[in-house]
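Reviewing the structure listed below.
Just so it is clear, A, B, C and D label the chains in written order, and each chain counts residues from 1 on its own.
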Amino acid sequence: MFASLDTSGFLPPQASEFAVQSDMLFYYITAVCILGSAVVYGLLAYCCFMFARKEGVPSKRILGSTKLEFLWTSIPLVFFLSFFVWGVRLYDIAINPPPEAHEREYTVVGKQWMWKIQHPTGQREINELHLPIDTAVKITGTSEDVIHDFGVPAFRSKFDVVPGRYTSAWYKPNKEGTYHLFCDQYCGQGHSQMVGKIHVLSQENYQAWLDGSYRIREGKNPVDGSPSWEGRKLFFKLQCVNCHNKESESRAPSLEAIYKTKRAIQGGTTIMATDDYLRNSIRNPMLHIRDGWKPIMPAYTRSQVTEEELLNVISYIKSLRPGDLPSRTESTPAPVGAKTQDTQAPAGGN
Amino acid sequence: MAANLKGPVAHHFNNLNQQLTTVRMGMWMFLVTEVLFFGGAFCAYTAYRVWFSSDFEAGSAALNVGIASVNTFLLLTSSLTITLGIRAAYAGNPKKLRNYLLATIILGVAFLGLKGREYQLDYQEGLIPNVSVLTPEAQKVVNERIAKDPGKADEKVYPFNENLAVVLHHEKFKGEPFVAYDPFRVQLFFMFYYSMTGLHVLHMIIGLGLLTWQYILACRGFFDYNARYVYIEAMSLYWHFVDMAWMFLLPLLYLAGPHSASQALEQFKVAIGLAGGTH
Amino acid sequence: MTTEISIGTDTPMAIPKLDYTPQMSPEPELTPTEQREKPNYLNWQYGLLSWVLTVDHKRIGLMYLVSVSIFFMFGAIAAGLVRTNLIMPTGAILELDQYNKAFTAHGTIMLFLFLIPVIPGVLGNFLVPMMVGAKDMAFPKLNLMSYYVWAAGALFFVWQLTVGGLDTGWTLYPPYSSKYSHTNVLYAGLGIFITGFSSILTAINIIATVHKMRCPGMTWGRLPLFVWAMYATSVIQILATPVLAVTVVMLAVEKIFGVGIYDPTIGGDPILFQHMFWFYSHPAVYIMILPGMGVINEVLTCFSRKNIFGYKAVAWSSVGIAVVGFLVWGHHMFLAGQGYFLGQVFALLTMLVAVPSAIKVFNWTATLYGGSITFQAPMIFAIGFIILFTIGGVTGLFLGSMGTDIHLHDTYFVIAHFHYTMVGGMMFAWQAGLHFWWPKMTGKMYSDFWSRLAAVVMLVGFALTFLPQFVAGYMGMPRRYPNYPPEFQIYNVLSTAAAYLQGIGFAMPAFYLIGSLFFGKPAGNNPFRATGLEWQTSSPPGPHNFESLPQVYFGPYEYSVPDGLKILNDGSTNGVHSNGSANTDKGAAHGS
Amino acid sequence: MDHDHTHTHAHGAGAEMHSQELVEHEVAPNAKSLTTFAVLAVLALLALFIGFSNLGEWKVVANLLVATVQACILAFFFMDLRQADKLTWLIALSSVFWTFLMFLFILTDQLTRHLGVL
């Protein structure tokens, strides 16, 4: 269920500005604490060796020293207060998103035991979140049942999602890659199953992902809510799948990974499979017949497929990768990411 | 006076003084835990009281303030009697002590009896969250509603809410300035009502048990050593605390909502059977 | 005793040479047979009834010792299951819900049935009356009652374990515990309620004892610091435990009647539960650690033959922790949806409450300076305490600072932190105390070699168990995960391996301590030549602790003054003198 | 919290034990107890009167004031706090103080949580 992510050394990846700021405070406290402990351990070792019992050497009678005590009361206090001040300022950053983040508000709903996420543009995901790089986004969450916690170590970010309320955090990812998403608040049997991935994509990849033509994860289905997702539904509704399917005896050419490739057509020439080509092949199939196939493709008129629907279908075809083409019997599957549940998801309970 | 306190000193004490002061101190420390125990409940109550004030007032309106008022005085009087008992005891009058103990016990039992009657009436009015069933009146209301609009036939009916509506729209509230309420939050109020008064009743029962025990001891001459009066004294501290807790329960639970003296009187008559049922 | 007094001063040596032999007092004045004839609290009454109905604080202490040891074993087994399961990223031996029940059992048992009762119940019961020079606790019958109340509560825990266990974690957060968990929340809640009642009774008893039962001359300034620590602990128990009780009651009411006191879907508020829960449960960690700190004071001073460095500072830091410790619970809730403003207040107070602990650590270290230190088992445990508790303390700062807590909250960093304080602190203090006072409790001396070995094994095993967890936590591994991403496996394997070593270490005392009962040589009244009042009576002590009412003239830790009388005469030290070795002829009670 | 208390014992438990006299129970003439009771009863009536009135917002405040006064009188006269020693006062006050702390912090959060959270 967990893909091992490339994590180097003892440090979790720093994938956002906040992660860097958070680590600075962490290193500061670490340095101070190591120093302080070193003092204690040094004194301890010194005393243990220097003042181990020696024959005939009595112990000194020392009742204490107010000066020293004042010293080691005030010095730690100063450092502790510095931790407090810096910590509060850091926390301030964490809970106050920059103004632009409010325009890009992602919603998260925790549920035993999955994360249901929706993009401001409507796309829905489960246990996965695709984010554009260098863009401040706000995540607002709530829970359907018990208290969960939406934690992304790579962003040094974490917040409890509480039933009946909205809580939120914000990220500004600055490093492409795939990072862990954990549920950090114990939520029952499947607590450790309530995990996922954060994908930070480049702007163009993110756009491509939004309309479904770019996918990182394996699996044949475009992201829920994207044009390709609509196109896929039409692909079944309009019976395209009857001929264009993965069965061996299919009566029509496969549509997998044909976009922007040269297609051999009757008459010995080839043609680049552009959007126009795809459009014509649906509206007016007889325009170009694929070499080696019978011209049985029916023409789909506006009355059958509106222009919007056509765009969706084309977007779906463009998104098809080798092996993505459905079989005739296949019905509309669960949305993207749902399969990460079935690994050990227990029966009942939710 | 200190001179004439006599009694055996337990094996681990050095003198009587040490023993007596220790007993008092122990009871006082126990009362501290009691204060914080009730304090926690009051704290939670207050949070919701501020959030859902109108709902809580509605819930309070449905309580039997008549019985509560009478109980207040019963408890106050019992505090008086036990105090008089101790005073009499230290004045060297064990007989009076026994009588006052007995009076205290009787008053306490009377309190519990009325309290039980109150719970019974609440049950009859169907005001127990998630447990009670529809009262006949509420059933009538529901039927009428369904008759008016058959579409409502299949929607879920929450008995408590229906019963509450019946109670709150009873004529005894006619003319009261009444607020809108959310029945589910009123259930929350009733939960506080039952758990807090329940805890109080539990303390009463424990206290009565101890009192009875001490009464028996008194009759069997355990207190011939007058130093042992300190045990009754400690007991009385506990009893006073129970009284004190009630002093706060009364305004927070019973008097929160709209009430009227006449209504309280009416309720009490009903409770002791001098008048017909509330509906 | 005169021989003790003169040790160290009589012969000025030219070349002092290191001498690691244990500081044992010369062979006890009494031969074993005589000692057996001498009536003590173990042998002056016989029969089962004389134990189950005893009101003797020493016997009750032993009853606690046996019970909590058994429950510690249960808790340790649960921990073993948890650690073993984490060897594999996919879980080695347990199903998901089994794992949840295992770590919940570990948490609840270790907290409510071991850490909270162990030192107040065993050492507090046994020692506080003797240290203040009393014949018994202030309320002996109440003392016995509190033991049986505790046992009853423990039975509920055992019951809920046998009928299917609990899977909410020891924190019992609603709405999971109130609505979604199908396990025995009610039994566990009852157990928590009842054991809490028991710890309240013990606390009342201890406070009353300290206030009212002190023997003549035992001023507050002369109380052993262990008594101060127990006093502060008891104050916390009295003030905090009732709130947990009522919180659990309301949780039960919600679960039974299905009304939303904490359930947001019907108007309740889960955060309220967390507030009331932590109002108890944060002070509870001080209930667990403060007695341990008290023990360390006694052990360090004795084995370094020194006065405690800064008696007042150490004593008042205990009280300071007890008071300020009440006002920091919110740092468990920085991310729970608690208000931001209140969060800042809690964060500030959290940093303040860290100061008294720092003071203690520095004072302990300074106590060793200029001492004459020997390294017997109790001392090794005490030094181990300082080493581990320092790490536990400083890692707390990461979590107390709001900014870093965001990343570290609910990760293994937290687990490692509180195990360093609770186990590395409390458990080592407990072992130190047990080894320190075992001769007094039983009159027998355990094996010096095996005890030292056990101390070292525990120290190494413990440190290695939880150090990797800091890294795993910082890498982001969440707590309470039976399965985890493979890149965390290395840390978990290391941790588990060391945990086994640690387990061996914790098992060893069971053998050599019990063995000492049969084969150990008589310890004598004061094997470690300590100065506390409890050492001035015979070991095991007589039924009423002291043969005559002790009279105290000096402060508790006059180890460095072999001849107190001289100093008493020239009055150079304003009346702070050992009540032990120095003034044996001035009517202070002593057994021999 | 028990600083002053430490001072009371500074001269030692032994001395303390002899110096400390029994907590006197000068037999309060029943008149005194009856007067106390009368006051308490009047206050209870006042509480009911307020409860039956339409003060709205202020009803609960007024009622709690009355209850507090009642509690104080009860503790002071019936529970003999009047003639109790410092230690007893310390214990009694500490309970009030810690309850206050609990209310202060928990209610602060319950009532201001919506502020400052993004």
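The rule is simple: a residue touches a chain if its C-beta (ideal position, glycine included) is under 8 Å from a C-beta of that chain, and two chains touch if they have at least 3 such contacts.
The shown structure was predicted, so the numbers you read here are calculated from the model rather than taken from an experiment.
Relative to the centroid of every protein C-alpha atom shown, the closest chain centre, again from C-alpha atoms, is found for C.
Compared on C-beta pairs in contact, A-C and C-D come out with A-C as the pair having more. Centre-to-centre, using mean CA coordinates, chain A is 45 Å away from chain C. One simple way to say how far apart two chains are is to compare their mean CA positions; for chain C and chain D this gives 34 Å.
Centre to centre, using the average C-alpha position, chain A and chain D are separated by 57 Å. For chain B, residues touching at least two other chains, in rising order: 14, 18, 21, 25, 29, 32, 36, 39-40, 43, 47. Residue positions of chain A with contacts to 2 or more other chains are 95, 167. Multi-chain contact residues, meaning those touching two or more other chains, occur in chain C at positions 211, 239, 243, 269, 271-272, 276, 279, 337, 340.
Per the touch definition, chain C reaches chain D in the complex via residues 211, 214-221, 235, 239, 243, 269, 271-272, 275-276, 279, 319, 322-323, 326-327, 329-330, 337-342, 345, 551.
Residues 8-9, 11-13, 16-20, 23, 89-90, 96-97, 100, 167-169, 171, 173, 175-176, 179-181, 264-265, 269-271, 304-313, 334-337, 340, 343-344, 347-348, 350-352, 354-355, 358-359, 361-363, 365-366, 368-375, 383, 386-387, 390-391, 394-395, 397-398, 400-407, 409-411, 471, 474-476, 478-487, 558-562, 573, 576 of chain C are the ones that touch chain A when the two sit in their complex. Of all residues in chain B, only 10-14, 18, 21-22, 25-26, 29-30, 32-34, 36-41, 43-44, 47-48, 52, 129-131, 182, 184-185, 187-188, 190-192, 194-195, 199 touch chain C in the complex they form.
Residue ranges of chain C in contact with chain B, taken from their complex: 129, 134-140, 142, 200, 204-205, 207-208, 211-213, 238-243, 245-247, 249-250, 253-254, 257-261, 266-269, 272, 276, 279, 544, 549.
Those residues of chain D whose C-beta lies close enough to touch chain B in the complex are 17, 20-28, 30, 33-34, 36-37, 40-41, 44, 47-48, 50-52, 54, 59-60, 63-64, 66-67, 70-71, 74-75, 78-80, 84-85, 87-88, 91-92, 94-96, 98-99, 102-103, 106-107, 110-111.
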